[in-house]
Structures are given as C-alpha cells and as structure tokens.
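Note that chain A is present in both complexes that follow, paired respectively with chain B and with chain C.
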Partner chain A sequence: MKSNKLDQVLLVIAIFAVWQLLYVAAGPNVISSPARTLTRALELLQTSNFWVNAASTGIAFGTASVLSIAGGVVVGLWLGLRQFAGDVADPILGALYSLPKITLYPIILLIFGLGLSAKVAFGAIHGFFPIAIFTMGAVRNVAPVYYRTARVMRLPPTVTLATIMVPAALPEILAGVRIGLALTLLGTLIGELFASTSGLGFALIRATDIHAVPDITAITFLIFLFAASVNSFLHAIERRTLHNA
Partner chain B sequence: MEGHRRPIELSQTSHNENKGRRHARFDTDRNPMIGWPHLSKTSRARAMILIGAVLALELLCRSGIIDRVTMIPPSEMFAALWQIIRTGRFNQDILFTTYNIAAASLLAIAAGVLLGAALHAWPRARNVVSPLLSAYYAVPTFVFYPLLVIAFGTGRLALIVMGTLFGVVAMMVNTMLGLDHVPPAIAKTGAIMRLDPIRRLFLIRLPAAAPHLITGIKLAVAYGVIGIVAGEFILATAGIGKRVSLAYDNFDNKTMYGMLLMLLIGVMCINGLLTIWEKRLHRRFGQR
Partner chain C sequence: MHSTCGHISIRDVTKVFDGHKGHPAIHALGPVSLDIARGEFFSVVGPSGCGKSTLLEVLSGLGKATAGTIEIDGTPVAGAVPDGIGAVFQQDASFFWLNVWDNVAFGLRRLGMESAEVAHRVDNALAFMGLGGFAKAYPAQLSGGMRQRVCIARTLVLEPRVLLLDEPFGALDQQTRLLMGDELLRLWRETGATVILITHALDEAAMLSDRVGVMSARPGRFIDVVTTDWPATRDSRVVSDGRFGSITSRLWATLREESLRAIGTS
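Right, the complex of A and B next:
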C-alpha cells in the first residue's frame, strides 16, 4: 500500500518533469510551462465564461452518456442472450466500432443541425458501440453452469436476467461503460472542436485561432483532470463489484 | 487456482454429463470460422440485414423522407465512389492517407511491443506507469492535435505522430498482458535451451503471446485510422479526411458520401482480415 502511494507521487512527478522538458525544448510558442498552466487554469476557473462552456459540455456529455448506456446495455444484453443474433451482429458492431466516427460528423450535422442535439448524438454513437460489445461479451462469458442453475430452479427469463445474468456480467459491463463514457466525452469534445457555438471544445478551438497557448494548455489540462476523475470514479465502482463477486 | 481445479471436478461427473457438456460447448463455441454450413447461415443473415438496411435507406431517400441535402441514395453513393475510382482524381489523397495509416500503425506496433516488453521486464516502472496506461484512453488524447500541429506543422508528420500516439498504448498494454499469460513451461523452455534474454523474448515469449499481440495490432490499426482521418478532417493539407471535410463545406454530397463509403469499405476490409487472423490464432492457442 505504501509503495502504491509512492508510485502515484512518482508518476505525477514524472509527468510534470516530462512536461517541463517539453516546454524547455519546444518553447512558449508551442506549449505552456506547468506553472503557467496551473495559474492560468485557476484564473479560468474564476471566470463565468468558463463555467458557461463547462456547463454546455457537461449537459451534452451527460445526456449522451445516458443514451449510450441505456442503448448499449439493452442491445448488448439482447445480442448476448441470442447466440445467432450475436454471431450475426458481432462483426457488424466491430466494424462500426472501429470506424473513425469523425467522418460521420458531417452527416450528423446535416441531420441535426448545429447545436446541442448534434453533439449529443455524436457523443452517444461513440459510447454506444463499446458498451454494446462489452455487454454482449460479458453475457456470453457467463459460465454455462449459471444458466443451468437458473434452468434447474425453473426461473422465468426476466428473473434469470435480473438475478443471475446481469450480476454475473456486471464487472465486464461496467468496464464497457467506463470505456464507452470515455469515448462519449471524446465524441462530445470532437463535435465541439469541429463545429459548435459553445462548450470547452469550442473554447479550445477559439483559443487556437487566436494562438493563446496558455489558454489551450490550461483548458486541455482541465479537460484531462475531469476525464481522469470520471475514469477513476468508474474504476472504483468496478473494483467494488469485482470484490463482491 | 479454481481454473486448475475445474478439470478434476469435470472428470468426476458421469460420462453422460460429460458428453452433454461437450455438446453444449460445441454450441457455445460456434463461430463463423467453424464449419461451412454455419458460416453460410450467419453470413446469409448478416448479408440480409445489410442489404435490407441499404434498401430501406434507398427508399427513404428516393421517396424524399430524407432530403437530398442531408443524404443521397446509396445507389448514388456507389456511383459516386465508382466515379472517384474511375477518374482517379483523389488518388493522391487516398495514397496520402493509406501511407499515413500504414506508417502510424507500424510505428505504434513496433514501439508498443518494445516498450511493453521493456515495462514487463521492469515491474517497478510498470507499477508506476500503470495508472497512466489504464487512464490513457479515458482522456480525449485527440485534443493534443492542435498542439502537435503547432509543433510539427500541418503536414504528414503531425498526422503520423498523432496516429502513433493514439495506437501505441493499446499495443503496449496487450504486449504486457500477453507476456503475463505465457505459460511458465514455455518460458522455461527458453531457459533450458540456454537462449539469451533477447532471443528468449523474440523467439519464444512473444510468439507465445501471439493471441494478445494480434488484439493489440488490431487496436493499434483501428486507433491509427481514427487518429489519421480525424486529424485530416480537422486540420491538414491533403488526405481522405480533408476531401470529406472540403466536400462538406461545399455541399458536395456526391464526393462526400463517395469518399465516406470508400473509407467504410476500406476499414471493414482491414478489420475483417485482422479479425479472421485473430480468430485463427485464438483457435490455435486453444482460446476463444
């Protein structure tokens, strides 16, 4: 446990050291120093403009997350329980997952127009596929003895699903949710980077346009902090379910 | 531990039970690569779904429910794609993108295997960086692209660096996982043959880790494609992504959908080939 804490401190030190080295090598026209970025980030946190953009990204990310989790888990459960449907859908899902979805953004924009719904749709299609694929894999990986136990107990399908399949598959489903939400955030931000009128991605691209390197680095840094905390939060939940299992 | 115990329990069950289990196993093991009749059945269903989806889209577009500004009918997409291939007007861009994807994937795979093996050999460092590796794909790495453009310019270099950065960690993680799962007996074989550590790694341990490596390769290529195309899309001087982005700006739906279709077909082919290879390896190594 002690060495674990030490490792974390070492990692943070190493990241800042590499960052400082990059700054020294590339100069202030390319990247800001860690110290400058931290002060700029603290300044940004006190402006209302930042919070307007953060709220815009947050709403889009939250809505997209709910949509991708609900859709992905339902479709994944169904495909996981139906061997044949799963076999048919597996490569199709895989291909859609590995398709660079950025190229679909023009189509999404043409369908939804500029604004919140386009960002939400783009974020949700990023998260949907990994969650569906992981859920399907999770259900398929549940040991056959569980199915047979359910059958021996003559449980109806809904009870089997709720009390046996989902709990058994939960850790893997949560791993899928974690990866899916990370991609949802990526999708939301890329949507804002390419075409948007508000949000952190929009702030980032506006800062790039006026070449405000401290702002670019500070916003990138804050986005990273947010993403990392979402990730470790979901990791913690996942680990709890693993311990329970 | 439990995994070791299970076969013993199995052998204690009755003969009949065993038989039933084997049969059930065969059923769950069904995959498109085993047995021709099954292959044709799933592929037939798959083909029917795809054809149905395309036909539905065609109908929706032709009947005007989806207007032409939003999407052109699939038949016109294919016509546009054929025209792009026949005239060869985007050959330069296609070559540019293909080259970048190949370069980024190969760099990510090579660097990923080497770094992964190095970290595997040095557990202390691995412990330190493992939170970073597991959080790597949780953060939107792509927001680095503007900084890379400022550092390397809008040419090929920034794109390839972006694609490599995107894919290398997936390869590293899978290399380490693969080396973790090499059975001790195989690792000992290298020691018995008195190979030096480098040869043991490249001749014995890495080949034994092949099922995990192929997963890493698949991911590295997928991330390479995403990094390159997304980069071209947002800021670049050439490439398939750039053409799509330009066509979007100019309301040139024929070019846009033609190029998107080409990209879709290309990605599906690469992914399909790698998946077949992956399944073959997994079967050979007795996993699924």
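Right, the complex of A and C next:
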C-alpha cells in the first residue's frame, strides 16, 4: 500500500516534469507552464462565470450519466439473461460501440437543437454502449455453479437475480460504468466544443478563439482533475465490491 | 443393515443428451437401479466421463432423467429439486461479495427465518466447521479448502435430509482432503443426513463410505457395489486398517479394467 502511494506521487511529479519540458520546448503561445496554469486555475475558480459553465457541464454530465447507466444496465442485464437475444445483439452493440459517434452529432443537433438536451443525448450515447456491453458480459460470465446453487436452494428466478446474479456480476458492471462515464464526459464535452452556448467545453472553445493560452491550459487541467477524480472514485467502489483485501 | 425399500430409490434411470447441430446424441447414464438407506454414506466412483455427475444431476432434480424413476422418501424427483436436498460442487460456489457469516446465513435468510434463529444456526455451523474465527473474512481471503467448508456450512445450516457432494474436495491437496474427510464423517454422524458422494479418489470413497458403487465407462451403470462394514465412528485412520487395502484393491481392479476399456486399449 505504501509503495503504491509513493508510485502515485512519483507519477504526479513525472507528469508535471514532462509538462514543464513541453512548455520550455513549445513556448507560451502553445501551452502555459504548470505554475502559471495553477495560478490561472485558482483565479478561474473565483469567477462566477467559471461556475456557471461548470454547473452547465455538471448538469449535462450528471443527466447523461444517469441515462447511460440506467439504460446500459437494464439492456445489458436483459441481453445477458437471454441467450438468444444476447447472441443477436452482441455484434450489433459491438459495431455501434466502435462507431465514431461524432458522425451522429449533426443529426442529434437537428433533433434536439443547441442546448442541454443535445449535450445530454450525445453524452448518454457515448456511455450507453460500453455499459450495456460490459453488463451483458458480466451476467454471462457469472459462474454456472452459482445458478446450480440457487436451484438447489430452490430460489425463485427474481430472488436469484437480485441476490446472486447482480452481486456476482457487480464488479464487472462497475468496470463498465467507469469506462462508460469516462466516455459520457467525453461526449458531453465534445457536444459543448462543437455546438453549445454554455459549459466548460464552450468556455474552452471561446478561450481558443481569443487565443488565451493560460485559460485553455487551466480549463483543460481542471477538466482533467475532475475526470481523474470521478475515475478513481469509481475505481475505489469497484475494488470494494471484490472484497480481496 | 440396508432395507430393500430405500429412502432413496432409483429405478432403471437413464439419461440421454440429445444431439444437436450435427452432433450425435450421447447416452450418458444407465440404466441404473439402486436403493440407498436413510442415513447411509454412499460413494460413487467410475472412469472419467462415465456419467457420475449426470447421476447426481438427475438425483438432485437439477436435470431430468430420460427414462426411469427416482423417489426420495416416496416422492418422485422429476426435473425439479425436492425439498431437503443439499448439494456441494467441485467448483467454488462461495459468494465472494458476502463475508463467511453472511454466506452461511444466505439460505436461512431466503427462507425468512427470524434473525435470532439464523444467528444461532450460523454460529453453530461455523464452530462445527472450524470457521469460527473467520466469520468476518471474505472468501477471497481464504484458501480453497476453507471456501469449500463455507459452502458445506451454508448447506449444512439448511439441515438437508440428503447431502449430494460432487467431488467437493477434487481441487484440494491430499492432506486437506483427508482432513476434510474427517470433518465430513463427523458432520454425517451428527446430522444423520444421507450422503451421496461422487469422487474420483478411491481411497476417499473406501475410507468414508458405508458402500461404494463402481460405475462402468459411459453409459454409466453400476458394475460393483462394495460394502465396507466400517463402524459409524470411523475416521481417516481406517486407511491403516488391513481391510482398507483390500477394499481399494477390489475397487481398483474393477475400475482399472473399466477405465482401460473406456480408453480403448483392451
């Protein structure tokens, strides 16, 4: 555990070192130095404008996350429990997952218009497929001996699902949720970058328009911090469900 | 010692798995007829793939026999698991998301038993299986042998009339297996349950059982049933009894011939 913490500290130091080198090599017209970025980030955190944009992204990301988790888990469970439906859906889901969803954005904009619902829809379709695929796989991977145990105990199907199938599949489902939410954030931000009137992605593109390099770097840094926190939070939950201390 | 009208009665049971997608149908088992007395410890040995596990499958009601009848205490078993059956399998079936205590309490809670009674039974079973100090541990923190004990304890608390064991110690090392055998005998004596054990280990079968049924190569039929006449108070030390050798020799002689036939060298 201790060396694990040390590794993390070393990794952070390494990232800052590479960043500083990049700054020295490329210059302030391309990227801000770590020190300048941290100062600018702290300044941004004190402006109301930043928080309006952060809230806008947060609401879009939160809503898209709920939709992609709910949809992905329900569809994944259903497909995982039904052999035939799963066999049919598996390659289709795989193809849709690997489809560059950016190509769908014009259509989504035409359906939803510029605003919250387009961002939410775009974020949700990014997260839905990996979560559905992971959940389906998780259910199919549950050890057959668990089914046999449930049947010998004469448990009704709903009880088997709730007390054995779902807990047995949970670590893998959570791995899917973790990857799904990373992509949901990506989708939400892409939505904001391309066509939007608020949000951190929008703020980023505005800063790019006026070539405010410290702002670009600081916003990117803050988004990175947020994404990394969400990821490690989900990773911690996932590890807890495995119970192998 | 054993009444002819058994507590478990197996009559002309066969199992044929239907062929599909160009594969021929497989006649896995039978016809098999057998009576097992209440409280008997009966083991089944046989060459690999002879249908031992299939027998357990139809006996437990997890699978349905193609022909023939199985009755437990006069009630037919026909593709549905009857009440009072407990089963432990070779694969680890401990629930990794529950600690040892909750694993053992699992079945009792599903029955809606009140918590004081659940606690009483679980604590007893944990103490009995030597798991008392591991109540809060999770399966991932335990050895394979300990996890199998958890599965046995989880089955034991449900007080089954019939305990079906499908090579439960198959994945364990020899020493652990002998010790688990002692535990199993103790459990069997204490609970009075009828035990049917599927195993590939002849010494295990010879040491634990009242009777050992030897199965033929597929389709599995009983070609010999050996009565051991061990006292009910036996333990793993019977392996040094002179008769132990003659029992395993007889089992092996029958099985060797059958196994050679199964792999086609005789």
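Just so we're on the same page, the second predicted complex is superposed on the first by the 243 of 245 C-alpha atoms of A that agree within 3 Å, B and C clash if a C-alpha of one lies under 4 Å from a C-alpha of the other, contacts with A are read in each partner's own complex, and residues count from 1 in each chain.
The criterion applied here is as follows: contacts are C-beta pairs under 8 Å (C-beta built on N, C-alpha and C of every residue); 3 or more make two chains touch, one makes a residue touch a chain.
Given the structure is predicted, the values throughout are model-derived calculations rather than measurements.
J.: State whether A:I216 touches chain B only (first), chain C only (second), both chains, or neither.
T.: Only chain B; A:I216 stays clear of chain C.
J.: By residue count, which of the two partners contacts chain A more extensively, chain B or chain C?
T.: Touching more residues of chain A than the other partner does is B.
J.: In the superposed arrangement, does A:R151 touch chain B (first), chain C (second), both or neither?
T.: second
J.: Quick one: is A:K5 in contact with chain B, with chain C, with both, or with neither? Answer first, second, both or neither.
T.: neither
J.: Touch test for A:V30: chain B only (first), chain C only (second), both, or neither?
T.: first
J.: Give one of first, second, both or neither to describe whether A:I111 is in contact with chain B, with chain C, with both, or with none.
T.: Touch status of A:I111: first partner only.
J.: Between chain B and chain C, whom does A:V159 touch in the aligned arrangement: first, second, both, or neither?
T.: second
J.: Once chain A of both complexes is superposed, is A:P167 in touch with chain B (first), chain C (second), both, or neither?
T.: In the superposition, A:P167 touches chain C alone.
J.: On chain A, what residues does chain B touch that chain C touches as well?
T.: Comparing the two interfaces on chain A, one with chain B and one with chain C, the shared residues are 144.
J.: Using the touch rule from the top, collect the residues of chain C that touch chain A in their complex.
T.: 60, 62, 81, 83, 85-87, 89, 91-93, 95-99, 106-107, 110, 138-141, 158
J.: Across the complex, what residues on chain B touch chain A?
T.: Residues in contact with chain A: 21, 24-25, 27-28, 30-32, 41-42, 45-46, 49-50, 69-71, 127-129, 131-132, 134-135, 137-140, 142-144, 146-147, 150-151, 218, 222, 225-226, 229-230, 233-234, 241, 244-245, 248, 256, 260, 263-264, 267-268, 271-272, 275.
J.: Could you list, by residue number, the parts of chain A that touch chain C in their complex?
T.: 143-146, 148-149, 151-155, 159, 163-164, 167-168, 170, 241-245
J.: Would you mind writing out the residues of chain A in touch with chain B in their complex?
T.: Chain A residues touching chain B: 3-4, 7-8, 10-11, 14-15, 26, 29-31, 83-84, 87-88, 91-92, 94-95, 97-107, 109-111, 140, 144, 178-179, 182, 185-186, 189-190, 193-194, 201, 204-205, 208, 213, 216-217, 220, 223-224, 227-228, 230-232, 235.
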